[in-house]
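So, here's a batch of structures to check.
Two complexes, one shared chain (chain A), two partners (chain B, chain C).
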Partner chain A sequence: MRPILLKGHERSLTYVSYNYDGDLLFTASKDNLPTVWNAETGERIGTYNGHQGAVWDMDCNKSSSRLLTASADATCKLWNTETGEELKSFPHRGPVRGVAWAEGGDEFATISDPFMENDALISIYQVPEKSPVESYNLTPRLEIELPKENIIKATNVVFLGLNSSLFVTFDDGSIRLYDVKTGSVLNSIHPHQKKINRVSFNKEKTLFITSSADFTAKLFDAVRLEPLKTYKTDRPVNDAVISPTKEHILLGGGQEAMSVTTTAGRAGKFETKFFHLVYEEEFGIVKGHFGPINAIAINPDGRSYASGAEDGYVRLHFFDKSYLDMEDPVPEGDGEEPTN
Partner chain B sequence: MSRWVDQEDDPLAPPSPVRVQTAEKDVILETSFIVDPNSEAITKVVKRIRVVKESRRVPKRVVERAARMKRFGNASGSDEQENVTIQSKDIISIENPNAINTGDGDDGDDPSKALAGNLNAFWAKQQRRQLERKYDVNGEPEGEEGGASDGPKKYVPPGQRAAGGASGGKSLESMAANIEENGRKFDDRDQNTIRCTNISEDTTEADLQDLFSPFGRISRVYLAKDRETMQSRGFAFISFVHHDDASRAMAKLQGFGYDHLILKLEWARPSGGGDAGKERTEFRSGYGKALAQDTKEKVSYASNLTK
Partner chain C sequence: MTNAMADDLADYMSDNELVVEPKLPKLDESFGCTVVISNLPKVPQAKHEKLKSVLLKICNKVGTVDLQDEVAPLMPFGEDGKSHGFLFITFKTSADAAKCEEAVNGYQFDKNHKINVVKYDEVKKLKTIPDTYEEESASPYEPSPDTSWWLRDPSQRDAFCIRYGNETEVHWADGSREPVLDHDGGDKKASGVQWCNYYMEWSSKGSIMATILPAKGVITWGGPSYKKLKRFSHVDVETVQFSPGEGYMMTTSFKNDTKDAIKIWNTKTGKLLRSFPLFPSESFKEKDAEKPPPFLWSYNDEYIARMGEDLISIYELPSMKLLEKKSLLAGGIAEFQWSPAQNILAYWAPEKGNAPAHIQLVEIPSRKHLRQKNLFQVSKVNMSWHDQGKFLGCKVLRHTKTKKTVYNNFEIFRVHEDGIPVEILEIKDAVFNFRWEPQGTRFAMVHAENRAATRANVSFYDMNKEVTHTERRGPKGSKKQVTVTQTVSELNLVSTLKDRQCNSLYWSPAGNIIVMASLGDTSSGSLEFFDVNTCTTMAVREHYRATEVSWDPSGRILSTSVVQPLTGGYFKFQMDNGYMLWSFQGKQLKTVAFQNFFQFAWRPRKNLLSAEKREEIKANLKKYYEEFDRRDKEKARALYLEETRGKRELRSKFRDRVEVLRAGYDANREQRKQMNDGYDSEDENNYIIQTANVETVLKTDEFLVESF
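Coming up: the complex of A and B.
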């Protein structure tokens, strides 16, 4: 493959994702310019100007008409995806680390870090698409406080179960499901020992994969919250995605600190790892980044993927025919040779 | 098609490129000429172009959006595209993560071959696992996998390395037991296997691969590691596909200075592998059985000495 390098960001990447249709690629970085790119050509279409701090998360609605961004400047902003116009800015009490649309695009949730005397919060706002933007309430409909005594911070938020529950991951490695109407805890599991960096769902939201600083990524059944598979690596996993068309997992990770000077500290050797979803076997790596990979996204058509790293670059890869046609050999057959 | 003789400009200029349809319906032959200005040599370039049409269905919404969306924000400058989006000059392929590469270097350029190589290696590993399970050999040492549960290598002082912290002799025996288990693997290939000792802690399988591969194809690299700490134990087995390659490697690398230590190479011992922690006494240094200090623990990490 001949990756396309997207050099629009001046600082490390925090978020990379495709829209539902797979024609737009959204990227956010520690610089304050969330950007949208043409997913086919890598051409930069536009930047959403307005934030004054690092942008940690973004979410685009299903029709790609409205975009949400979460920033360290303590605001979450709503944008017109196609024109770049800022529609509304929702102030928070601390840096906003995550944002997610509800199904249907009439509500969204944010997670914000504690700041000074304020606790960490999970907030749900109402932004009905049919109502004019001016009418949107800047006060959230629901606020769930995460008291300071527990010293845990939320890292990701997603709406699950057709808007019946709010799925939140934390930096102590736990996951909780909250009731969307009341905010009470419906369920919780503690699958990781260290921070869950990111979580990624399949299209139907029946499976999810968590990426953790404990060097593993785990695949779960989203309905029962049961762990199914574990993918082990030798460095903290920053992001992972499930391929929509193949039984593969793509993982991206980083070094703990630049103090590790041996092994993959060499130039261009930070790699995206490919695992077989069922066999948990690592079968491939793609090198090229000059820093730890912070975010990975795979196109809904499964034919291309993008990775964003600490080096400020996004690399857009289009899979070769050999990968797309690849059959995954079954590990234990009846002793027959597979035909390659 | 104009005859080049009739061209009005410089009669000595090469003709313009010509495209001709071939018998195959989607293949076109393009013939062009390039003149080298210095030597005036003319090179005839014939390109065989296959035109393939791929059609993809795209939702109407996407097409409409593409027509609607104009550049905005910082992208609305005129010349910005050259700086921001660049196609990489390098061809990247999905590589085999294992340190052991059964393919040749020249296969690396062909991505489809590299991938087939990955699958072969993957499948070969599965076969080996199947055989191990069949013959009831313990699982592969974790150093073999593309990173099982290896944590980052941290220095653990010798006094804290052995689990249980009992006498050093015990740890030596337990290590010997470990080695005996893992040693069984070398039955089939031991004729071509070199035992390399006095390896520095930082050396990895990949480094050994790089060091030994110029001598010939390597079928396996096994770097001995402590079970608990995953620390390198300072020795390794390198198995070559061809015996002559192994001999040449032995000759050339014997006494080689590698990362501040001098390597010692020997032929690996059959079934049980050559290792440091054997119960059988083997005097390789002048001290023999009696050591001046009670250094049982320390001895286990210096591969040449016995207990």
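Coming up: the complex of A and C.
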């Protein structure tokens, strides 16, 4: 089916995501206006006005009442999702790269880049929904300083294990688990050679997939932090998602924006690639963007997906019936009995 | 010496007995300097000294005789004083003895005596041979590998061999599924044997695979596991060619022109039948040193022939003796060709003196001249036989009297018709390529206005023409008319394709389909798949820089490859090495790239069915089609199950893991609910499903309805 082209942003996309129920689509871009769309019709519902820099990350709580945005203007803002009212702005000492709600929505974590003499930080703020907004403390409950000498930057943050730990990815290809109470490192792995651009979890947060500039995406067991699968491509991977209904992986990427013009070849390789979750085999592509895909999100109902690219467009795709009816290339059953 | 002293020294004493053995010079017991001269006249004692002095005189001429023998060489004699007819002479050096053996052996001593000279050591060896003959026990019978096994392949596949890097591999291909590896020489590698380090060659019917190892010779392999069959020793061998019936093979070394540069072998026994120098005569060598005239096999393995000066030497197989002890005279011959279906030779000779240029057909062994065609102003003739020997096409390059302009014409012999009529076809254009349709009556040629043209035309001609006319049938007086189609022998143009990127033609072995390719350095490697019956282009494809094109024996698959030569030109062809397989409709089946790719060779397979049987199969194609279709499906299914077994395992393992994770997640449901203020997002009851109907008016039409 023809995708719906969402023309709302003026600069390259940084973030695309559905809310928990899958009826809203949130997008952020390097322009300063995070936007919410009707996930079914592609109609623009509204924008969240107030940031003065590129918005890197967003997170909407489970009940879709409150929205967090992380911006390069060194603030993280809390919004009323429905009205677009800015509830609170949390100032940081450097550009805020990522933001994530804790389970229950009473706490959230941010990661910020080092800036001037300030270290990169992981901060946890308390914003109980039942308390009045005025009572929210602008100083974080916990601050974890990332040592400056390594000059590594955090790229993603997620609460795991019923808010017991904080999962953070870094631009050197490593992943760490922090204790949310003490800030100590619980576990650390180093699965990628280059920057981890994005990490995306399944709904249950039992599996996650990392997208890396080393041309691969890797699937992990989120409980034991064990790598399960590797999806190899011929380009840097900017974002990848696990299909909620099929054993598929959707993966987007492309040459870095700066090297597009210097790269040989007719195609810039800006397609969304489809991989089989288990066999690691690529079986399809969806073309359309004319810049590297920066963000991909799949609707929790598995019927549609959205991709946002360097070209400033969000393409909202609804799967054809043939895709939805597609069966596993290997028939179900143990295969001993021929099933004709 | 005190006892105590002896004890002190005890440690240094050996317990062994002292053996006193002086180092004496070793007696040389060999007789390398001694020769035995035999077959001498048996002379009485009185003549002993005379004979000795004569022989010493002879021996002294070739070397220095040992001082002792100079005085009295040993010549044994019997009781009656008569000598036994032999004598021993020892030389100063063994080199002199050898010289004597070489020079004096066979010397005519007198009318009745031709003397023999043998080294004494050789004579001594004879003593060791037992007097009684002991029969050697026969080695146990080892059945030779079955070389026709591959013809019984249940899937009716064809095989091809590829040479890349250090590897030599045989693969199966059937045109619908992935090629399957048949043999990669793994057993040979494991036992440390290199089974090919140069080119390989299939035998004419595909039974045998021959590999060339230039340092040693040629080895033949056969059977399902490609067992070594025979070894053919030929140093610096470069090519191997099999006779059409595979009974014989010829190995050639172009490097050193010795008297055995070309060797003819019996394929089965490995016996060398005869060897030849590269050129039939010295004068030939000077005339055209680049290319020695080739030996050519007759179609049924009866003869092998090579052209010499004004003659063709025909050898009978397997004796390799000149047929009737004399060569076939062929004045001024420039080139000859055997018919592929009969023992008929065709040769052509350019103008010489007053004699015109001519093309001659000669029957062998009767040497009967079947047909001669005289031609004038000929620069060159290219002869090409039809694969069933029905026609001989001769492309004649002619020049005007001034020799300034050249033009072409074709002389086509209808060999199977009475009197062998010749058709003449005039072509103004330059003709690059001329190919007969296998099992057909058509031929195709590439022609262009001039040689340098980048785009050419392709023309198809038929040797037969279908003519329809009406005829009266039935009883006399009846006016019933019937249209009758008749095939008459008449050369006619079928069609001409204009403006094609093409310089080579490849007919399918099954006929009808032809691939027009442009190969070579300056070409793009375009491939046009063309159906001649319907005159339609099925596909235009490209294999960039392709150097070779070949059909599988069945005409199902076309292979195109970029190969680099094993010797020289390495850098020029280094890029894009590899091969592609295409269906005969031009569908790309497979692309394989190699860093260094040297050879692609389909295993030849002769069609064993008679023409009638083939017609019958064609008529009942539907029946066969269903059967094959069913078998194909079964095979695909089996292959598929085989391939998916691993995937099933992966999948079930993965799903188990997801199941465990899911269980862990579900266990925390209550906790999660509490965290979300008692709201359970997993509970479907929290969701209200509403059905909304939306009506959209697509079209409104107004029209009058007649009232009643």
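The working rule: the second predicted complex is superposed on the first by the 316 of 340 C-alpha atoms of A that agree within 3 Å, B and C clash if a C-alpha of one lies under 4 Å from a C-alpha of the other, contacts with A are read in each partner's own complex, and residues count from 1 in each chain.
In the analysis below, a contact is a pair of C-beta atoms (placed from the backbone, for glycine too) under 8 Å apart; a residue touches a chain by one contact, two chains touch by 3 or more.
Being a predicted model, the structure only gives us computed values, none of them experimental.
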item: Chain A as common anchor, with chain B and chain C clashing or fitting; value: clash
item: Which superposed partner A:Leu207 touches (first chain B, second chain C, both, neither); value: second
item: Comparing the two partners chain B and chain C, which touches a greater set of residues in chain A; value: B
item: Contacts of A:Val223 with chain B and chain C, given as first, second, both or neither; value: second
item: Which superposed partner A:Glu10 touches (first chain B, second chain C, both, neither); value: neither
item: Touching partner for A:Ser63 - first (chain B), second (chain C), both, neither; value: both
item: Touching partner for A:Thr83 - first (chain B), second (chain C), both, neither; value: first
item: Touching partner for A:Glu145 - first (chain B), second (chain C), both, neither; value: neither
item: Clash with chain B (superposed arrangement) - responsible stretch of chain C out of 253-261, 397-405 or 595-603; value: 595-603
item: Shared contact residues on chain A - chain B and chain C; value: 63, 329, 331, 338, 340
item: Chain C - residues contacting chain A, complex; value: 637, 641, 644-645, 647-648, 650-651, 654, 657-658, 661-662, 664-665, 668, 671-672, 675-677, 679, 681
item: Chain A residues touching chain B - in the complex, by the definition given at the top; value: 1-8, 21, 23-24, 33, 35, 37, 41-49, 63-64, 82-84, 215, 232-235, 256, 260, 262-263, 273-274, 281-288, 315, 317, 320-323, 326, 329, 331-332, 338, 340
item: Chain B residues within the chain A interface of the complex; value: 58-59, 61-62, 65-66, 68-69, 71-76, 80-81, 83-97, 111-112, 115-116, 118-120, 122-123, 126, 129-130, 145-152, 202, 204, 206
item: Chain A - residues contacting chain C, complex; value: 20, 62-63, 103-105, 162-163, 204-207, 221-223, 228-229, 247, 277-279, 328-331, 334-335, 338, 340
